[in-house]
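The structure that follows is given in the form of structure tokens.
Here the chain labels run A, B and C in written order, and each chain numbers its own residues starting at 1.
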Amino acid sequence: MIDDLERAIEAMIFASDEPLDARQVAGRLGDQMTPGQVKAIIETIAQRHAGSGIELVERGGHWHFQTPADLAHLLRRERDDPRKLSRAAAEVLAIIAYHEPVSRAEIEAIRGVQTSKGTLDVLMEAEWVMPAGRREVPGRPLIYKTTDAFLQHFGLTSRKDLPGIEDLRAAGLLDPVDLAFEEAMGELDLVKDGEEA
Amino acid sequence: MIDDLERAIEAMIFASDEPLDARQVAGRLGDQMTPGQVKAIIETIAQRHAGSGIELVERGGHWHFQTPADLAHLLRRERDDPRKLSRAAAEVLAIIAYHEPVSRAEIEAIRGVQTSKGTLDVLMEAEWVMPAGRREVPGRPLIYKTTDAFLQHFGLTSRKDLPGIEDLRAAGLLDPVDLAFEEAMGELDLVKDGEEA
Amino acid sequence: MPLDFEIVPAAPEREDALQLSLESWEGPLDLLLALARSQKVDLKQISILALVEQYLTFIAEARELKLEVAADYLVMAAWLAYLKSALLLPKDPLEDPSPDELALRLQLRLQRLAAMRDAAARLLARDRIGRDVFLRAKPEGLRDIKVRRWDASLYDLLAAYGQVKLRAEPVVHMVSRRPVITLDAALHHLQRMLGVKLDWAELADFLPPDYDGPLRRSAIASSFVAALELARQGRVELKQEGAFEPLYLKAAGV
């Protein structure tokens, strides 16, 4: 049987929107008790909850309830949120992979467009890119390189596995993608056939 | 010594900013337990807190911690101003709770006046009432029912806890007037028959 | 409880109080219930006739005082006046519904409204969150934290690099090539065909049949020029009946 005073103090600390000290609790109880007496009761309450899923803790003389730190993982559950890398980010990543180490200004020079800071942040968040010191030129810009996680994700043993420019061209990856042009190519072939006939 | 699972469930319900049901708790624990097993543990926790300054209560299958009502005088502050309901809103709320699901026309038949638009809005804004589909009669009127938040706010474990609902039902006071009228006329006839006999 | 739910002004003792508070009733049924409760008996035992009398008196006095009485109160008054006379007159067994039945219905409605009004009061008197019981003010909350996993394939990477390289290459303007038959091709083709066809043949017959659209037009144009060239060289003869008529050709000296 928990006594009424103890119940009252427990409820008060529970419902309070900020931690309470013994003096505040005594005040709300109409100052029939000294802060010392209140403190003794608070400690009894804390004892009663010890080892449960609820803790009564003191911080700088103020008391509040909280959940034990060792159970934090149950309260904050992590969930995967897969996102597709944007075109811009893929371009920046490719430039870093082919040209590393490379500064942001150099990336922009190669891309021909400004690169937002967010794009590099995304690549660093993905842990595919990391800073690799500074270039010893005026302004000492940060330079970036790819990580081991990058190689792993893309199934590469080393950066040397990246296809060269000629391989890319042969694979058609350097061709302008233009439907009208492709159609014209088809018709030219027809002409050639006609000539041979 | 409180076991780890009990601690975990206690912490979860204590930390949650809304009441949890057994299924939600089981889900967060990685679905190793059935909701039934979880419920048994929750009831153990509720038992442990009974009579203290913090109570674990069930409202519509969801559980939350709250302070006992008998300590209200210590905890009530001037700033605490629970939503004040107009008489009309209180009546409409009671009619929905005791008759649900119920259409606006049925509410008006009981009250004898039109329900102003604001009345239902206030109840829906408080999240005590929600639409529950349409009645399959001509005009397909919307019907309304109460929510879990309604049970929580008014401290009801379930709709069976509505004050006096069994007596009202037994007295036929939840039946429509037409039905009650048929029955009353039947009884009158019986009495007449009795007189004639 | 009074904080939340102020009961209707209970049926007032003094008549003037009744009249002044006309606005505090929500319609005629509400007013009837308040009057019924002033009879201080169970609603089951209420005297409908007395109730009707009270209501009619109330409305009459309100009108005497030139208070605005809403239409639905007057409709109810008219109906109750009819009910009253029907209840007082000798019973006509053929009348349907009978006045007793009408009175019973009114009584049932009043009981139901009273029941819900009591239920509302009991509901609002329960231990309510924020007034009687309190929750944790600042719970930690249960959080689902989304961990972003970026996804891209090697193909995406290489295709992106290809695009960068293309953009970076010096811009080369390429006039898109239309499907054409060159003069050389037409000459070559015509000469071979002339070796096969011996008699006069229309120029169009020298064209491969599967040429159509712009390609056919190009073939006609270049074949025509080729025919003129061959005629200039004396290797082909041309004839045409008139302007825009078909052009015929055959190998010279055959």
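Heads up, the rule we're going with is that a contact is a pair of C-beta atoms (placed from the backbone, for glycine too) under 8 Å apart; a residue touches a chain by one contact, two chains touch by 3 or more.
Not measured: the values here are computed from a predicted model.
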Innermost chain by mean C-alpha position: C
Centroid-based (C-alpha) most distant chain relative to subunit C: A
Approximately how many whole Å separate the CA-defined centres of subunit A and subunit B? 42
Rounded Å distance, subunit B centre to subunit C centre (Cα mean): 33
Centroid spacing, where centroids are CA-atom means, of subunit A and subunit C in whole angstrom: 38
Residues of subunit B touching 2+ other chains? 12, 14-15, 28, 65, 67-68, 75
Multi-chain contacts in subunit C: which residues touch at least two other chains? 134-136, 140-142
Please give the residue numbers of subunit C that touch subunit B in the complex, ascending. 3-6, 8, 26-30, 72, 101, 104-105, 108-109, 111-113, 115-124, 126-136, 139-142
In the complex, subunit B residues that touch subunit A: 1-2, 6-12, 14-15, 28-29, 45, 48, 51-54, 65, 67-68, 71, 74-75
What residues on subunit C touch subunit A, complex-wise? 134-138, 140-154, 156-168, 174, 176-181, 185, 188-189, 208, 211, 215
Can you list the residues on subunit A that touch subunit C in the complex? 11, 14-18, 65-67, 75-85, 87, 89-91, 93-95, 97-98, 110-112, 122, 125-126, 128, 153-156, 162-163, 165, 168, 171, 173-174, 176, 180-181, 184, 187-188, 190-191, 194-195, 197
